[in-house]
C-alpha cells in the first residue's frame, strides 16, 4: 500500500499547492477583467481590510493543523480580546496599555487551550469547542451586549489608512510581516521541521528527541496571541468593541487553511498555499458581492470549495490507481 | 518552542504595566475631547426648486435581510424609487452584524450608488465607511436605527421618540387597568430606538398618574425569535403577578404573543407594543393581544427614497428647516440634527386590523 | 491444570463507572433544579417544566443523531443547517396547505436523509474527513436554504392549525414533541445497545482497523450513521417548525455547537467507541435547564455560554481522569491461568 | 491426516506493494484435520499470505480455492463468511467493548425481536474461556488487557466462529508455557474436529509439537512443503535462511573499554522491575527474551521516550534525567527503535528530513535552515550507509525495508553516538542488508561505541553479542557470556523452563 501511495501523495501536495495558487491568480485576473471596480486601488484596500482577520488567524492555525490538532476557539479569543479592549477603554485605561494587555490575554487564552490539549492530553477538537463557547461567553460577561466606540482616531485611522500616498493599506504590513515570520518558522527553522514531524507521526517525533507537547503548547499560545492581535485590529478597524466581534470566523479560517492544501490529519501543508486560500476566499467574496451575487451563493461556494479541495486530489488518485491496475 | 518565550511574554506584561504606572498614553477621557468628529461638507447650498433627478441609484441596506418588518420597509422604498424612475437595489447581511454591513457599504461605494439608505447595526462601527461614502458624493440616509449624527445626511424617524414612548405607556396602562406589574421585552440592549423609547417610558411612568404601574424588568430578546420566546417565558416565570408585557419590537411582540397564546398565561397576561398587523393578526383574533401600535413601515422606506433623492438632486442639504415633497406622503420638513419624522403611530385592535396588510 | 470454576459474571467496575457518568449529569441537574426552585418555586411549575422539556426535545433529537455519528468516530457539524433546510421545506409544504402531521414528519426526515446521505457518501467514498465534509455542507445546506427562502419568512398564521396544535398539544400533560423525542431516544438507544447493527457502530468507533478485519461493513455503517443523524436533524426541523411557528432561512443557525456540547457533556467520547444516547439526551436536558434557570435566577444571561463552555471542559477533563484511573484498575485485573 | 480434497488451496498467488514483491507465485494446500506450519524469516511473506487469506489484501494473481471452489476473498467479511478465522500477531480488539462482545461481534446470539441476548453472549464467552482454561471476566472491557490475554480473547473469537480454516499468526509469542500448552490442546481438538489449522511461529519446538506438515518460505517465494517427520530443524533453518548461518555475524573481538552505559535498578510498573546492567565501550550487549518481556520498554526508558518509576541511568558516569530524550541525545545516546514505521521514521517526510530531524537545531545557522546544509548532510550519511534511493526529497515510505532501516541508522549515526541502542535492528529486511547492518554494528563497536542490541532472532543474538542479557516477565534473569550463550541457555532463561530444541 505504502510505496505507490506515498509517491502520489507527494505529487498531490505539490500539485495542490500550485493548483490553489494558480486558481487564486486566475480568479483575481478574471474578477479584475469582468467585475467593475474590482481592480481599483480603493477596492484593493477594502479587500485587504476584509480579509485581515482571516489572514492573521490562519497563519498560526496552519501550524496548529499541521501538527494534527485544531483550534476552533480563535474567533472567540478575538471576541474576548475585543470585549476586554472595550471594557478597559471604558475604564479609562490608556490605549497603549490596553493593546499589550489584549495581546497578553490572547496568549493566555491560547495557553489554556494548550494546557488542556498537551498536559491533560484531551482531544483538541473537544477542548476548543469548549473554549469557543467559554471565551465567547466571557466576552459577553465582560461587555454585555453593549458596544464601545470612540477609540482614538490616531489608531483607528492607522488601521483603516494607507501607506503614505500609495493605495497600500497599513494593515497589509502587519499581514506581510506575520506571514513572513510564520512562513519562515514553518519552512526554514528547526521548529518548522518539528511541526511537520509531529504532525506526520507524533511517536516518531518523540523518538527523534522532539517534544511534541511543548511544541503544541506554544503553537496554541501563538494562535491565541495572534487572535488577540486580530481582536485589537478588528476593534480599531470598526472603532467598535463588541462581544460578538468575529463570531463564526473560525469556520472561515479553517476553510481557508484546508483550501490552502493543509491536511486536516496533520503533517502536510505549506504557507503559500494557505495565503492563496485566504486570498481566494476573500477575493471571491468581494467579487461576488460587487456583482450583486447574494451572500448565500458565497456560502455555497465556500462549502463546495472546502470539500472539493480534499475530495479532488482523492478522486484523482483513485482514478490514477484504477488506470494503473 | 524555545525557553525564551515565557520571558518575552513577561517582558510584554511588565512593559504594559510600566506604561500604566507612568500614567502616559491615550485614554478615553483624553479622546472624548480631542476626537473631533469628521465633518463632511454638505456641498453647495440647497436649491428647493431643483428638479428631482432621474435614474438615481438608490441602495437599501437594512440591519439584516430575512426580517419581515424590514421587507415591508424596503418594499415601500422600492415603490418610491420606481416612482422617481431611479434604480432600486437591496443588499444586506444575513446576520445583524456591523462588520458585514461595513463590507456592504464598501461595495456600494465601489458601485458608485447615489444614495445609501441604511439601518445601522452599530451607530459607530459603520461610521468610517459611511463617511467614506459621503466623501465619494453618496448621500446617506439612515432609517430604523440611526448612525452617529456625524456620518449621515438625514435620519428618517418613524415617529417622534416622545410620541412612541407615551403611546406605549398609555396602552400598557389601559391593559393593566391602571395598576400592576409590567415588563418590557426589548430588542438588543444597545438598540438605539428601543432604548430612547424606554427612556421616555420610564419618564412617563414616573409621573403621578402612572404611579401604580411598576416596571419590574427590561428583558432583551435580541430581535431573535427564539431568544425573545425564551425571554418571555423567563419573565412570566420570574414575575407571577405580571400584567402586561410591552415589547417595542416586532420580533419581540410576535414571539411573546406566540408563547402566551399557547400557554396557561393566556388571558391573564396582556401583550402590547409595536408589531406588524400580519404577524399579529392571529393573536389579536384569538384574544391574546388587545391592542398594539405601529407606524406604516412601508412609508419609512418610501420617505427615505424621496429624502435621498431630494438631497442627491440638490433640493435639500439636510439642514434644519428645509422642506421637500415626498410623493403621496406630502411635504416634510427637516428637523434638528437632520431628523425627518414620519408621523404618529397607528393603534391596531381587533376592530381595525383587517384593514391593514403589511 | 484444571478447568476453572468461572465466577458468575459480575457487574464490572466499568459498568458502574459508566452508570456513574450519567448519574453525574443527573446529580448536576437535580442540584441545579433544587437551587433554582429554592430561589423561585415557580421553576418547577407545570408550565415551566413543560417549557424546558419542549426546549430539550429539539436539542435532544439532534443530540441523539449526533451521538450516533460521534460513536463511530466521526462528527456531523451540518445538523444546524439540515434543521434549517428541513424546517423551511416543511413550512413551505404546509404554507396554506393543510397536510396531516405524519407525512410532514416524514418529509422533514426525508430532507434530512438526503443531506445525511450526501455527508456519508463524501466521508466514506470520497475519503474526506467528516470534519471537513460537514463543515462544508454546513455552508452548503444553509446556502441552499437562503437561496430558496430568498428572505421570506413563514409565519404562524400561514401554517395550518392542526400542525401548530401538534407543537403545543399534550397527551396527559406531556407535549407531543417531547413524546416524539422520547420515542426517538428509546428506539435509538435500544438499537445501539441491543442490536448487532448498533454494536457494530461502537466497534467501528472503538477501533476502525479492527472493525474492518472483523468483517463489519464499515462503509455502509458509516453512511448509515450519517443518514440517521441527518434524518433526526430533519425531524428536529419539523419539531422546530411546530414549536416556533415562525420559520426563516436562519432557523437553527449555530445549533451544531450546542449539539456537540450536549453530546460531549453527556459523556460520548469524541474519539468514538463509547457513550450512550441516554447520556447525550441528558446533556441536552442539562444545557436547556441551565438556560432556563439562568433566566429565573436572574443571573446575567450572558453567563450561559461561558457556563456551557466550562461544562464541556469539565466533562472531557473528568472523563479523562476517570478513564486513566479505570485503566490503571483494569491493568491490575489481568487474567490468571488456574 | 486426511486425504482427499484440500479444504484450502492456495495456487500461485502473487502480491506486490509498489515495487516490492511481497509474495511471488506461492502455492500450498491445507487439509481438514491438519495442522500446517508456515515458517520463514521475517519479511519472507508469511504475513502477506495471512492477509490474503483474511481478505485484507487481494492477490495480484493466482487463486485461493476453498473445498475446490475458487473463493473471492475481497473483504474480511468474505473470509469470515467462507469460514476462515485469523488470529493476528497483533491483537485486533475493540478496547471500548466488553470481552464477551469482542468475541461475539457479528455473531451475537439473538433473542426476541432479533435483539442481542446478552446473557447468552456472556455465557458463551465464559464457556470458551473455560475450554481455554483461563479466567477472564467476560464483562470487562478489552481495554487494559495484557497482550497475552488479548491473544486469548482472539483465540476464543476464532473458536466461537467454528471456522473450517484457522490461521494463527504467531499466537504464542507472548504466552507463557502453560498458556501455550492449553492453546495447543484447544488447537488439537479443533483439528480433530476436522478444521484445517495454519500455524505460524518462530519456535520450532512448538511447530514440531503441534504440526504435521510445514511450508517454508523465503523472500516471498515458496521453498518447499514437507512432512515434519521427514525434516530436521537444521534443515528447516537452512531452507528458511538459504545460506550458512555462521558467515552472517562478523563480530570482531574488541577489548571492552570503560563503562559507557550504566543502568541501576530501573523500574517501571508494571512493565519491568529492578533492571541493572552495564555496557562498556566497544562492547555489543544483547538484550534477549520473549516478545512482551519488557526489553523494548527498558531501552525506551533509558533513552527517555518512556518514563521510569525509579532507578538511574548514567552515561559515562553522568546521570540522565528521566523522560528526556533530548538530554540522552546530548549525552551521546542514540536509539534505533523497534518499530521502524511508527517510531523510527516519519514515513510521510522525505529521506532528507528524516536523516536530519534530530539534528535540525545543530544544522541551523542563526536558527534558520535554508536546506543546503541539511541536504549535504543527508547525502553524506545516506552514502556512507550505501542507501539506495531515487531522490533525497522522496518520501521515506517509498524505500524498501532495508533502505528504510539504513535511513534510521544514518539518522542516528550522524549524531555521533557513544552509546548506540538498536531494537530489532534487522527485523523485516533482506538478507544482504542484514549482513551490512551486522558489519556496521561490529565496526562501530570496534571504533569504541557501546552497543546495546535488543533482538528476538537467536542466531543474531548469539552471533553478534559479547554478552547476552535475558529478560523474562520484566526482570533481568540471566547474564551470559559469549562462551556460555547457546540457543538452549538463552531460551531456558527466557522461558523459565527446559527448552526442547
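List of remarks:
Note that the chains take the letters A, B, C and D in the order they are written out, and that residue 1 is the start of every chain.
Methods note: a contact is a pair of C-beta atoms (placed from the backbone, for glycine too) under 8 Å apart; a residue touches a chain by one contact, two chains touch by 3 or more.
On a predicted model such as this, the values are computed, not experimentally measured, just so you know.
The interface with the greater count of contacting C-beta pairs, when A-C is set against B-C, is A-C.
Taking the CA centroid of chain B as reference, the farthest chain centroid is that of D.
Annotation: 30 Å between the Cα-based centres of chain A and chain C. Inter-chain spacing, taken between the CA centroids of chain B and chain D, is 73 Å. Once the centre of each chain is set as its mean CA position, chain B and chain C turn out to be 38 Å apart.
Centre-to-centre separation of chain C and chain D, using mean CA positions: 43 Å. Multi-chain contact residues of chain A (touching two or more other chains): 144-145, 194, 211, 248, 295-296.
Multi-chain contact residues of chain B (touching two or more other chains) are listed as 94-95. Chain C has residues 146 in contact with two or more other chains.
Every pair of chains meeting the touch criterion is listed here: A-B, A-C, A-D, B-C, C-D.
Chain C meets chain A in the complex at residues 75, 122, 126-129, 131-133, 135-140, 142-144, 146-147, 254, 257, 260-261, 264, 270-271, 300, 302-313, 316-317, 320. Of all the residues in chain C, the ones that touch chain D in their complex are 1-4, 6-7, 9-15, 190, 194-196, 199-200, 202-203, 205-207, 209-217, 269, 273-274, 326-327, 329-338.
Residues of chain D that touch chain A in their complex: 17-20, 303, 305, 325-326, 328-329, 335, 337, 342-349, 353, 356-358, 360-361, 364, 367-371, 393-395, 397-398, 411.
Residues of chain B touching chain C in their complex: 65-68, 71, 94-95, 225-226, 229-231, 233-234, 236-238, 240, 254-255, 258, 262-265, 278-279, 281-282. On chain A, the positions that touch chain B within their shared complex are 36-38, 40, 42-43, 46, 50, 89-90, 92-97, 100-101, 103-104, 107, 144-147, 149-156, 160, 191, 194, 211, 214-215, 217-218, 221, 234, 238-240, 242, 244-248, 286, 289-290, 292, 295-296.
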